[in-house]
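Please read through the structure below; I'll follow up with questions.
By written order: A, B, C and D. Residues from 1 in each chain.
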Amino acid sequence: MNSFGRLFKVSLFGESHGKGVGIVIDGCPPGIRISEDDFEKDLSRRRSGAKGTTPRKEADKPVILSGIYNGYTTGSPIAIIFENNNTRSRDYDFVNKPRPGHADFVAHRKFKGFEDPRGGGHFSGRLTVNLVAAGVIAKKILGDVEINARILEVGGSKDIEKTIEEALKSGDSVGGLLECRVKGLPVGLGEPFFDSVEALLSHAVFSIPAIKAIEFGSGFQAAKMRGSEHNDDFINENGETETNYAAGINGGITNGNEIVFRIAVKPTSSISKPQNTFNFETGKREELQVKGRHDACIALRVPPVLEAVTAIVLADLLLLNNAR
Amino acid sequence: MNSFGRLFKVSLFGESHGKGVGIVIDGCPPGIRISEDDFEKDLSRRRSGAKGTTPRKEADKPVILSGIYNGYTTGSPIAIIFENNNTRSRDYDFVNKPRPGHADFVAHRKFKGFEDPRGGGHFSGRLTVNLVAAGVIAKKILGDVEINARILEVGGSKDIEKTIEEALKSGDSVGGLLECRVKGLPVGLGEPFFDSVEALLSHAVFSIPAIKAIEFGSGFQAAKMRGSEHNDDFINENGETETNYAAGINGGITNGNEIVFRIAVKPTSSISKPQNTFNFETGKREELQVKGRHDACIALRVPPVLEAVTAIVLADLLLLNNAR
Amino acid sequence: MNSFGRLFKVSLFGESHGKGVGIVIDGCPPGIRISEDDFEKDLSRRRSGAKGTTPRKEADKPVILSGIYNGYTTGSPIAIIFENNNTRSRDYDFVNKPRPGHADFVAHRKFKGFEDPRGGGHFSGRLTVNLVAAGVIAKKILGDVEINARILEVGGSKDIEKTIEEALKSGDSVGGLLECRVKGLPVGLGEPFFDSVEALLSHAVFSIPAIKAIEFGSGFQAAKMRGSEHNDDFINENGETETNYAAGINGGITNGNEIVFRIAVKPTSSISKPQNTFNFETGKREELQVKGRHDACIALRVPPVLEAVTAIVLADLLLLNNAR
Amino acid sequence: MNSFGRLFKVSLFGESHGKGVGIVIDGCPPGIRISEDDFEKDLSRRRSGAKGTTPRKEADKPVILSGIYNGYTTGSPIAIIFENNNTRSRDYDFVNKPRPGHADFVAHRKFKGFEDPRGGGHFSGRLTVNLVAAGVIAKKILGDVEINARILEVGGSKDIEKTIEEALKSGDSVGGLLECRVKGLPVGLGEPFFDSVEALLSHAVFSIPAIKAIEFGSGFQAAKMRGSEHNDDFINENGETETNYAAGINGGITNGNEIVFRIAVKPTSSISKPQNTFNFETGKREELQVKGRHDACIALRVPPVLEAVTAIVLADLLLLNNAR
């Protein structure tokens, strides 16, 4: 349920306002050079701080409990934890007045009232710090493969800073559009049907909170196209194609061309603007004002997380491909 | 690799022009009433025959090898096979001149020349007949839950017949846009992170050949929206919401509202219009004319397959929910 | 539930007196030469016919539905079925008077009366024919590795023929002791803890009906030994050891020495001698006489099945080892 | 590789002399009352201290990082870690002179020299503390089910203290024989073939280091028995049987009678007595004296570990049974 991957396998745990969050990475080959510093670049890209991100600041210092010895992976499971320090639990109590767009209501029902409700508990975006950490290791396995995610638009506009500023002013939040590109993959990763590259990537991507859509290459545009236009002609013996509507994937398997996909991130559900909800105690609809510290645009923090889950999927497929 | 599901688990096999294709369904509870007739409705919706679908006609008669006794599931694995009768293999040989948009090139590389190339082999859309069969059983497990998939557009137009006719005339093909809606699910299906409803549904959906995109509820539009607009207000004690941008899912878990998602199907890669490819024998680009029988719009046949994979995912999550 | 393996993955289906039994093998590398004849040797070793085995004779002709093309594995799932021809269902009806030692009682309870009761249904030893078929392919993956299982004793005696004859005369059955040896494995197969070689082999071995015990190398004798005696001294740079109490496995991982293990097979539960059972309809204990065709010593047919599951486990571990 | 279980799923990590060891338990139902004190009883049974156990003393205080809130499980993953405090790494360096009976040699080969060699690294029996912790939670899921493991013999003798004393005096170690009994299980747990109760229990049991053999009920004795003797007659409507050679399991499924199995634990590989090994640096056989702190009889510490893995398997099967 909280695990993913066949050979490079990650298992998440933790809650937003508990002792900490963490991840266990099993199946990482031995002999990969890793230091705690290697994590800093991607972790800091994810960290809050920029305008539009939450004022909650966590050091996000990875504590490596196992699986790395003398600076190299040992082949045993790598456990990494991040302590929670900057928690202010009194900001939150939405068990009876669930925040619209949040998991408060479903968590309370699914877990029969035993969920940890503080700061979204196990549903918190805080847990994506773990994905970033696993992604750092996955990227090392992938070697020269380049994975780049970037923001294309925020709130429907390319003027990102201005859009954020407006959202902040009005106590509101905005969504975002991202693109991820992967260069340098060999031909042949992925499996027909259930382990197609698109199936696994979308599975991993929708494991990131707040994602609403994904499209590969031509994406939704493909629905409007003709075959003569959409078919990518092969132009040389490496399988390079003239166009790349297929996004580097045929029949679920990498064809050596660039993988390209786009995702939509919804606007942060937590907003300071007053909104309505249902009070399950009184049985009445009433106004809700969510205090606390929020991201005005969570999409700003998604690129390193998106790269990370992409790397996790591709590292697994690369190892799987080696097996044969 | 060709299996999917944790408790309701399906395993696919078969090739387009081999003896047949089939599926093994493990984990189906005992006591579900099933006859071979139950399969006919969804199988006939998927079958070719309408204008725009391939003239290859298969009887698609399911042969149930195991797991059903006296008209009820026994609790043991259900194996279903579909014989291939209407195969004309001489139509196909694309090992050295791979068809653009098809898996010919990647299959040849991945499987080192040992792939069955006839009619796309294991990559053929023919295998989706198995998914439909498993979906019939999954729908029975779901009881009163209603799953409906329908075509919204073909080639960018709502005038489906006309668009298909034009594509056929020009020896070309067109893509399509579909929507799937699920009513009647309980609150609480799905798991945070890796087994979120969106993660599992998208995984299953991208296991269907030719899918390029998926969006849940607000989908790509969410990227342009504000939180105050996107948040669905709860309006009563059942968790019903005023709007449904969340598509019935919060934090990866069903909230009792309708699940809604849309997918894009690319135009069929096989077209009779001449196109270019690379000849791996001569090392030169050359023209390719793909004879044989094609669907001008494979999207027409996708609705029952889409319902089937949706049912497979939800039946698994329902059983998983029972476990606790 | 009916699947096993991580990369070389088998899925069983079928019932004793249904249309047939079968297996799907996923993850087999492409390019392995296989003909239907290759199965004959091990299938015939398992087949009944010798004194002490059931007079029910099945042709056991494997029908390969998929995954093999032009005499080689394609890399796609291999589905193999065996039709049931020689079934005489009237011999059996033990729903209300469960046969001691059989699964009649538990199947009826577990599957709420919907189980296929004919000939043991899905619980039948008939399904081991599938394991043998998968084992034939697994052995090919293992190449020069030699796997040999043989009977050491039957009914506590080395005079196998005589013991069987006596059992037959008295309408009774006898158990047996088997040994399996594996030569030629590389160092390094297996994983610490949950995927130790012993853990996976024992898992697979206890999936064969009628097995009651397994011991590796020193086995139960180890409980009586001292460390100075039990420790196998390394004697050269290949890791060869002077003794082999460890059975070729240290810390769950192959050390390059021979794997050796022994198993106990219980006496066939079906005997023609009258015995007692409980009648669930009348609520009274009463005598039961099991007609039909039985093996007086099922152990005689186990060696190829034991080799097969051993090969399945080791082929999976070999592929897994290649991944890194 | 370091994970086990389908619904109640455990993932191990850690090394003997690293920062700590730990376990993540996913799939535990919400609402189970757990305090850190609940772990003490079983952890102290496993802890060293008695004559014959290693003088290395670890506090074994479980630190619960996640999944428990206000004294109850939340339904989210439970992560538990145990810090390593009492490590004396200079005692150990066996990379080039591998200790007989240990994993030094195979770990070095398998992990290409990158393994953490200190104190056996990830192969250490220290990791079984995690299993005990998970077992405490599994036992709570099982409610009134009673699981009891006890030592039957040590070094072939029932006079345990005397045997240990002699072993200590001679710088040697001894093996042991254990029995585990489980009362109170419902009829119907387990699945035919690959998830039979015996298959899963033996898988889990052989995941404990130093186990060499397992037998259920009649065990190896079954090989010598006749069917008329071995078949357990049903005597009442609950499925109780007169004898219990089947060990409470028919066809891989619990029949409601007591589960009984025995295991053999080899003598601790670490002994202070001089022994021989191969020096991979010099290419010569030479004497080895293993200093450090050892258990003279590791079997003494196995009972709570054996109960724990038994509980882990049965809790998983109980949840799985609920699903249908």
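We adopt the following convention: contacts are C-beta pairs under 8 Å (C-beta built on N, C-alpha and C of every residue); 3 or more make two chains touch, one makes a residue touch a chain.
Computed from a predicted structure; not experimentally measured.
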item: Between the pairs A-D and C-D, the one where more C-beta pairs touch; value: C-D
item: Chain whose Cα centroid lies at the greatest distance from that of subunit A; value: C
item: Inter-centroid spacing, subunit D versus subunit A (mean Cα positions, whole Å); value: 37
item: Cα-centroid distance, subunit B relative to subunit D, in whole angstrom; value: 44
item: Averaged-CA centre spacing for the pair subunit D and subunit C, given as whole angstrom; value: 25
item: Per-residue overlap in subunit B, given as positions that touch at least 2 other chains; value: 1-3, 12, 30, 75-76, 110, 122, 192
item: Interfacial residue positions of subunit A with respect to subunit C in the complex; value: 6-7, 29-30, 75-76, 192, 319-320, 322-324
item: Complex contacts: residues of subunit D adjacent to subunit A; value: 1-3, 9, 11-15, 18-22, 24, 26-27, 30-31, 63-67, 69, 72-79, 81, 110-116, 121-122
item: Residues of subunit C touching subunit D in the complex; value: 1-4, 12, 98-103, 105-107, 109-110, 122-123, 127, 153-156, 167, 172-177, 187-188, 191-196, 198-200, 202-207, 209, 211-237, 239, 241, 245-247, 250-255, 264-271, 273, 275-278, 280, 283, 285, 299
